[in-house]
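Both complexes shown next keep chain A, but they swap its partner, so chain B is in the first and chain C is in the second.
Our next item is the complex of A and B:
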């Protein structure tokens, strides 16, 4: 038994023991927190061992009937196990004191948390279809329990739970159909057999398998148009669960696409990857646009998850496209960029969600328009969110910067590589990535500036207090990983490249392509930036010091003191963007002016309402939901409540069946 | 397009010759501004007659900007205040704060009879006084409302052009 196998065994053992303890021990939250964190640590060890080359595989035929459980850990799976483990460590430490609301302390919720982590760690380690599907379903169920943990808070939680349950199961059905079609063309359902059969599939069958699994996996990753559950479930779930879902679970959708498309089906044809690229680009732009309009802190983070997964899919799509035209170095580069983005996104999204949870814990609100002024009262949380926001903004020295830079390099250098399709797709993808990066900066400036700086906009924000130590420690873990990834990506690059199965980047992020070499040293870049800031600040100070200075009152138009109502709100910050993208987001504006009774010329009140609905949802989901409701209404007419009628139905059906049998015989 | 440029070049600048520089002493501090004066207008309680005349003083006919005076949107950007109307009780403190917000060296121009000596509103219950009673005044412009020519003349005392 090597280190990877020991690690995975530890993950399962510790996770299950923790779940068991959670069911019996009275002081559950501490036990579950520690247990989850240790489970996560074991997963990190197992993943790292697999990335370093220590793969393993076991088959346990007795555990599941018919096909048995088969586990294996190769570098690709190892990367995802390690990422999941890392998120679980931070979320576990955080959960030790976050669960002070009564709803979170209930037994079911506490048992579900470690099970969720175990299931997520097992999904990338599955080596046959049954194991994959069982773990996938376990993951979905455990997360569903966690999403509706705070169901007493209001009907929105229940609604979010329903959306999530329906969509995740539809996704599951889609994956199931795809994999069943695949298995029907292979001797058995182990991945090794599928891999062998994958090359021999006819293009039509392979296409069906790919599209069906793509639909299922992208629905888990929150990719447009199957993203509707994500901005509902993420805000309503407890924050450490949001972090686990947003930073670890959605990654597994990406894992599924890579595993089935690249590994099992062996690459496939160019149109698959153009489809993936298009879905990714649309999700990236649409997700960040919705996030930019959003004024709910956690919803904003959830929508930014759609954006980041979109960027990852852009990388994967480009990689597939390059591979199908024989450009393997470029393909490795694009896949490396995509997987590096998965790692970076996991780090900063964990940090952001945990910080948002800390805000929610302190103020009870996630509405940006009711926050503000948190910097003096919650300095650590503010610093953590600021760091996360910088990391998410794709600006140096941020975590996302390195991977997005690599992604852009791959897309730009891919232009001459892939024929007509690439010649059209690559410039569009570059534009989409660039637009996304720009909007992400605006979004996170808004989230940080409006949410944490200036004056408090509500009493709850004014009375906020810093969170307990373990919550801060959970954020600290994620923050350290963010900083390391931002300053020293070379530390994880070899691992990511092992997972991507090819090396195009070496040393301190140096690109080696056939036509171009380029180097990027985030550490030097950061030092350079710091030096520039110091020099500019010094020069300004020196220039100012020579002039007479006087203290002056803040210019407030000569009127009374500035109040919080004069501040820029999240809504007003997003207003110019909303105007620019008016045709895309189509906001609904309502201005009601009521007049005095005595005179129509005197205005009594003006009411302004603005809503930015999800347009894709409007167009795509509402007709379906309406149709289902209509069918339901029609079906209900059959069930009138009369026993005679129901007996009659039984009688007619039996008669019909008999007639059918008589005729067909 | 090219013919338009040609026409612009051929026509050159068309403007009436400026009237001679106004008489009367020029505040010393105005010389420090070097002929370019940024002005913030403050309505301290005017009937808006003065505002209309200021508007036309900066309109195409009188074109105050060609003498180096320019209206700006904040006292932080300004060298001078252009105060109109009597100073009402509500506006006394904001006027003082606006004056404080202007970086030194600063100047104040009182426009209209109200601003000079309360004009027709003298003795009214809401009046705190003339502009001089609240902030130091450097240049005064007569009239109720003053003619745009008079306003431009007053501003030229500041710009010296």
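Our next item is the complex of A and C:
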């Protein structure tokens, strides 16, 4: 039994014991927090061992009927297990006091948390279709329980739960259909058999399998157009669960696409990957645009998850496209960039969601327009969110910068590589990634600046207080990982490359590109940047010191002292962007001007309301929902309330069936 | 053999009589006769197979369906006061009889393949059992009084039991015991429900209960 196997065994054992203890022990929150964190640590160890080459494989035929449970941890799965574990460590430590403060100690919720982590760690380790689907469903159910944990807070939580339940199960059905079609062409449902059969599938069957599984997996990853549940469910869940869902669970959708598309089906044809590329690019731009318009802190973070998963899919699509045209080095580079972005996104999204939870804990509000002025009262949380925002915007000393830079390198150097399709797709993808990066900067400047700096805009924000130690410690874990990933990506790059190589992008996976001349060291860049900042600050300080210092009020046009009402709000900050993208987002504006009774020329109040509805949702989901509602209404007319009529339906159907039987036989 | 066919004939005849008569007390008496006919049917099969277990089942069927269940129904009727007649069935009596004829034809048409599987004296009588099931369902659909609906439900169960015995010559003591207990419980629950309905609404016309929906 090697380290990876021991680690996975520990994950399952500790997770289940924690769930059991959560059901019986009175002091649940501490037990569950520690148990979840230890489970996560075991998952990190197992994943790291698998990435270092210690893969294992085990078959337990008795556990599930018919096909049994089969687990294998290869480098690709190991990466996702390790990422999940890392997020679980931070979320577990954080949950210890967060759960107590928000009164989430109910037994069901506490039992579901370790089960959720175990299920997420098992999904990438599954080695046959039955195991994958069972773990996938367990993951969906556990997360559903956690999403509706705060159901007493209002009907929005229940609505979010319904959206999530329906969409995640439709996605499950789609994955099920795809994999069943696949298994029908293989001797059994183990991945080894599928891998062997994948090469022999006819293009039509392989296309059906790929598209069906792509729809299911991308719905889990929150990719447009199957993203509607994500900005609903992620914000309504408790924040440590949001972190787990947004930083760990969505990754498994990406894992599914890579596992089935690249590994099991063996690459496939170019149009698959063009589709993936297009979906990714659209999601990235649309997700960040929605986030830029959003004034709900956690919703903004959820929409940013759609954006980041979109960027990951751009990388995977590019990798598949390069591989199908024989450019294996470039394919490995693009896939490495995508997987590195998965790791980086997990780190900073965990940090951001935990910091947002800390704000929610202190103020009870997620509305950016009601926050502000948190820096003096919540210095650690502010620093954590600031670091996360820097990491999320693709600027040089940030975590996302490294992976997005690699991704851009791959896309740019791919231009002469592929055929006509690549020649058209690559420049568009480069433009989409660049636009996304720019919008991400605006979004996170808004989130950080409006949410944390300046003066408080509400009493709740003014009365905020710093969070307890364990919550800060949870954020600290995520922050350290963020900094390490930003400054020393070379430390994790070999592991990510091992995972990318494990995904059967054949050919050697060295990053020494002959035609790629771009080279960059994030550490040197950061040192340079810091040095520049110090120099500039020193020069300014020196220049200022020459003159006598004078304390004075900020210039306010003579309008009296500055109040919080004069600040930029999240809505007003996003207004220029909203004007630029007016045709895309189509906001609903509503301006109400009420006058004084004495004179129409004197304005009493101006009320400005802006709503940015999700256009894709409106165009795509509403017709379907309306049709279902109409169908339900028609069905309701059948149920008049008469018992005899109900019995009569049964009688007529039985007689009809018998007559049909008698006639057709 | 003749006795088997006689029992089956009695089964069918009593089912039709339930449709024909309106007096609830008469319907209960007819139902008791049908229970006895079912017991005879099982007894004949027991004599053919020469099995003690089947004899025990026959006795059980006799006690339950000709004794206990009619007794419970009569007790429910005694509490009913003046509403002792099925006054306005949804389908009138003559139409009901015609429908019963049609259902019999349908049952014969449908059970031909079952009979053809293993032609024997017992399986030849399967259509009778199916007819009783269908007529029971018809009673359930068309009668207004809760009590006559109960009888309809029990007719269906009698029919199902008859088909079971005719096709397999005995489904085992344990299964039969379980089913009988089930039926007994259902009748007890429905009896309580009927009493409650009468106390609450002063009537047991199920068509008055139209508000029980979303």
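Heads up, the rule we're going with is that the second predicted complex is superposed on the first by the 630 of 665 C-alpha atoms of A that agree within 3 Å, B and C clash if a C-alpha of one lies under 4 Å from a C-alpha of the other, contacts with A are read in each partner's own complex, and residues count from 1 in each chain.
Criterion: a residue touches a chain if its C-beta (ideal position, glycine included) is under 8 Å from a C-beta of that chain, and two chains touch if they have at least 3 such contacts.
This one's a predicted model, so the numbers in the text were calculated from it and none came from an experiment.
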Superposition on chain A - do chain B and chain C clash or fit: fit
Chain B versus chain C as contact partner of A:558, first or second or both or neither: first
Which of chain B and chain C A:542 touches, first, second, both or neither: neither
Touched partner set for A:204, first chain B, second chain C, both or neither: neither
Partner chain(s) touched by A:605 [first = chain B, second = chain C, both, neither]: neither
Chain B, chain C and vertex chain A (Cα centres) - angle in steps of 10°: 130
First, second, both or neither for A:658, with chain B first and chain C second: second
If touched residues of chain A are counted for chain B and for chain C, the larger one: C
Touched partner set for A:634, first chain B, second chain C, both or neither: neither
Superposition-derived minimum Cα distance between chain C and chain B (Å): 66
Common interface residues of chain A - those touching chain B in one complex and chain C in the other: none
Residues of chain A defined as touching chain B within the complex: 552-553, 555-559
In the complex, chain A residues that touch chain C: 636, 639-644, 647-648, 650-651, 654-655, 658-659, 661-662, 665
For the chain B and chain A complex, residues of the former touching the latter: 74-76, 93-95, 97-98, 100-101
Complex contacts: residues of chain C adjacent to chain A: 90, 103, 106-107, 109-110, 113, 134, 137-138, 140-142, 144, 206-207, 209-214
